[in-house]
């Protein structure tokens, strides 16, 4: 079972606290429940929470206009008619909006959770009440986890022809237990870094037996998950954990990729003095032109108030640096790895750890100096701030489009390989989110389209524009 | 002869005005001149201006530290020993620094101008005095232009083995007149959009007979020419022409690529209220997230004070829009094409044109309404502002490295095709410019390099990072 | 008892949650407690919490370097030797640092709470253990409140000669019960808007019988409480309550004073599109020059995603506007009055209120439209975000200096009137906070001081610079 | 004759270059000229330039909507009927719009120039043609200067009752030559720092015999002349003189008043790294909170690329600092004094001065190091950039309102003292400029006005808000 959290699972973390924790202790597997129509093909915590879950779903619908638009636009033609989708994702209100959209487009769905803690029980109840075969509850055991996945695929008279996975566990289970099932499967849509990595490994090894769509690396998702989202979540994460005043603070941001760019810009805008470290001279030159002093960490480590890692590397902030930090220095990680800060090096007898708040530790040196370590070095934005529904909406819309694309692609368009979403569909996801901002796109005239050598409906950029700038 | 100005030729435009215009009228072709060592293998305006030109070169040297570093680092090994480079570029102080660097690296050079107006005569004199065979003066006739190019290549006992071109005229001349010369030529380095386009056409037609390096599209050059340079030149160009106060002005920026991003950010920072138009939903969504209202031009055309085109498209601002602009509206073009504003549509009898300053026209409607048209719709940043030497330095360094790479590449590394500079050399150009900012790069530890799967010396990003973000 | 919260009481709100609420239910007034030295002249919740409170105070000390510096610099001379200070403020860790500073400077202190909910019980315990006569606990009744105040002043053999008040209740009590006490009192230092207002009323009525220092209106406090603090707390308050993504949101800020300037700047920096409303043409012109569209509320009310009031006025957002807001619009108040949003008008039968989180209500129209009302229209920054200790430090330092000034002022310097802190002391407060930022002040040379007609040690600005810009 | 340039005279500097310099050499005093109506009561360069001047005035009218609105609103009532105004200001197109407005409001005007170089001859011609008694031309001798002033006041059958002065020379002349004239004079309106200073001196000495209005210190003018105008002119001045790229440059700004705030904000926005020096701890703390490192000049002098003085002090940048600057460092002054940079210390034999452009000197040390000194240490924004007409419009409108106020004030409202414009008129000036930005002011309801204790029409702020923030 994968343990790395990917961004899409955070939405649930915050709202999960609203789930009633005083439920009875009986395992859902031992319960007999039916929905109001007598259907019992599901396994969830408590079907009686369906009304509450429905309200959560309705609120989410208001903030996911792109999926709602997709329902409207595509409903006439039912582009997923005949699709039998098995899914394994976080089961949250946002996922429910996705599932009900897939259903509206013609698909049948069976669903399990990709994380043992992330299920919103009341949402699962609403889905079950609505006729979805859901197998998930908050607080599953590892055995429950695989049992639920198995219940999704191991069904009499029903065989999936599409997979929507988040982490690769569902795909892995089918590979292991029901490899023949792939004969009927038209494709896999995978959301997470981990799952995508597994698929590329399968592909390299020649073992990928159906086309797979990597939605993690679509432009829209990348830009939003990294630059725009981190620009806000760095401030939010720091405030919620430490209440620090940003104005006048000296901050060093390690790494000037999209995440580092977002963090640096936000803190500069709030009146912090930001230093940047980089290994890549091109990103370094960008930092200079954007108005940041480019330094080595050891040049500023004694003077800074906040250290933020955004490198994707390991051991960027090591014990030696932490020994030299000043009293009260805040240390946190916004990169993708939980090894950027060498937290292990702080687990030594001479240092005292003091938990001062949830996700906040003071690590105390023998001379009384304290550093403030956030989230024990894990990702600050996942642990200590929330992900806006708008970002989740982009992801869910991309997933839906990827399923439609793979399901409807003519024979031979996709081989047994891992694909990025076609540029044009990336653009379509973006266009579906413009109404949120009351944004009005300009259309090319015929003459202009001809001049530029473009189709009036896009794609407007070549495929190599997909990857973010160096 | 190519007429499209590319960015690198602007440096000269401003400094050109310092050239003494009271020179005698005799054509250089009719003069007999020798430098102080008796060498007469050049043709320039006036060898006596050499001292003045030398001072200009020395000043430029101070602002081109990367080339000076290149001289220092590479001089021992003379990586261009044996190279016979024929060049055709603007002949300015910055070019002189490049040429003297090439010479210091071991090359022999012969040089002509790529534009009949752009030669700084005093710089040409200094080069001739220094022993370079330069054939160029300000105010050449078209016949002079080709004669000069011919004098560079048509020499007894000397045959070029490398071409450095800016616009493709030199390359074209050799193709036409001395096609056999290509047998000894190891490669072409081309700087301009136009020249690169010609090379790709040759390549497609199977007629490119040596490897060519497209330095126009290197990351570093692109980012600096577009985002960072335009961020400054939009303000400079508007101020120099109109003295307009930016604070509180309503501005519409057409197009949100790198140029549009730079213009929008600068004007927002100066207190303007900026609207953006886009055709591409992904760029449009970025504009929204960056805090700009995304509109169609007709929604705001009546209310804006300034209209700026950055699209690369044609007829973006047509007469119909200009009819509806308010009195005093400023209209200018920062994109790459001089057809973004339909200036031709303003050449009608009912409209009066009044030249109020150099590069500034009032176009007056029958009811007295005036719009302020800058540079007759040509590129504002080329016509009305300067290009910092720092940007020219990046370009010149890239050219030098491209020459070294092609000249030293092992047989077979480059075929008869058009290449982008290897990622690693892009990074090297960037690294040579970091000392300008007293910027200190971080080095990977062995352990970190292994973790990331990178070589400690780069390249640090995959090749597909080359292209700018969508 | 005053009910308006002033800013300084917020620090406690957040940390208060750490206070153990499972304490026994006996009223402190019915308990007999002694500290470890046998002293019983206090009345608090539980003396056993002293150790925990001490730690909180120690942490606060680290973030209040100005008071610690004051202890150090002034300790030798004991400028408050002989002072008998009675105080009535929020009793928090930050206040404790102030009280212990006053004590270190020579003063004797007796203290009550200015708010029935704001006492941090563990801090009160630590103060009592340290020998302070503190009378306060969290959750006092109104009767307890006045009883505690009385215990501070109605003491055998001890009579206060200085008052430090926050809200004016202590001053009011002495006026009412022990008017003769004023004969020995050298002055009042008052912190809150409400208390200052009461003092000016007394002064106008000719009833103020001692000098009073208005520390609420000192430049440093004003700038920090308003511009700099609100710049951060608007973002924090919105995120903690709604998790809204700022990028691309349309926001209207009502009022462009210091608070409005802070809110507008922060949201613009995060990528929101901000509109401003104003009644004062000078502030309006500033908004224009700062890049905001100046509108009337009704022009944008249908399109905005967030409405923020910062006017100090009443009924700025009335029902008529809320009827026209779009679904999901967030409405909140950052001004000083809880009447800026006409919340009463929403308490009508056809509207449904739904509490979705602490401090967050959905108000639902018959057609299903929801607006998101924060803190029921009370101050967002007090209810839903924290105040940085740095701001509290500025306030506490100003209070300490005001006490020293009044206590040591030569006879006749201050009459029976309300005074602002002398400019020079404002500057001193600022200078004590510069080391936090490792900031280095330049000193005038003798020649320069003479040229400017200034004393080298300040004040550097005339007194009329005190008030913030129009 | 005063020599200090005040800001309002800059407009002319740039446009002055359009004046035909090939005019004949006869002194205007020796010419006999009449306008088309036969009037000869003026003395100017060439009445034939009137048409050209009229066009200049018409263009200026378009950018001075507030004066045009004033003409419209106040014309019915002729608030200046009977006023006989003698003026001494720069004679530019903007002044002409002011004079013709005064005339439209009922005043008679006679006018001289306050500077021997600043007259736009063609504008003077247009005014003379329009019937104004103007005595001014470009390139007056000092004798001409006083002769022209005398011709304005020493007239048979006409005696001024209002003075509009810019620099105090006119006032001085009347004091000296025609003191009795003051008996009929209702007041003086003075524009410049110098003139205001003289008036305060007269007032202190008890010699001021009529009320005077200090329009230099009105809020609107101050904010625009300093913060907003300098924010733009620092960029413009640096670009026009040096073409420097701002991105990545290290800059130190000396002084963090309004001018320093404007310069720092602009350069930070363009990607420079800005350090600030201050003597006042309150301004210093603001710099910290705004995100600037507060340093002493000697801490950064070796590393910065640009030094900008904004202090109003003397010898801020002394030789010792310039000795330590790095090669190529740019030094300029944006403060009000030309002594901020100790330029005299650079006039020593071992240093070489090289004029490289108008207003740009290289000062060269024996080791070859060059610093780039702009405008020989005089004000950069006056010497090397322009002042937007919008700022001139604010000044001219304020002058007009001050004249109306003084002329119509009931007996006794103004004593023989120097006054600031009433807050309400400041607000009126601002309100007249809002339409430029299509800005819509909100009006208080009766209920709100009562709640705030304000008149619905203002003033909206107390008088002590006049002065800018510390």
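The letters A, B, C and D name the chains in turn, as written, and every chain counts its residues from 1.
Just so it is clear, a residue touches a chain if its C-beta (ideal position, glycine included) is under 8 Å from a C-beta of that chain, and two chains touch if they have at least 3 such contacts.
A quick note: this is a predicted structure, and the numbers were derived from the prediction, not measured.
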Averaging each chain's C-alpha atoms to get its centre, pick out the one most distant from subunit A. D
Counting C-beta pairs in contact, which chain pair has more, B-C or B-D? B-D
Chain centre separation in whole Å, for subunit C relative to subunit B (CA means): 57
So what's the Cα centroid distance for subunit B and subunit D, whole Å? 40
Hunt down the residues of subunit A that sit against at least two other chains at once, touch-wise. 228, 247-248, 270-271, 288-289, 293, 437, 439
Quick check on the complex: what are the subunit B residues that touch subunit A? 219-220, 223-224, 228, 277-289, 293-297, 299, 312-316, 426-428, 430-431, 433-434, 437, 439-445, 447-448, 451-452, 458, 460-462, 464-470
Which residues of subunit C touch subunit A in the complex? 14, 59, 62-63, 228-229, 231-232, 235-236, 239-240, 243-248, 250, 266, 269-271, 303, 327-328, 370, 385-386, 388-391, 436-438
Using the touch definition up top, name the residues of subunit A that touch subunit D in the complex. 247-248, 268, 270-273, 288-293
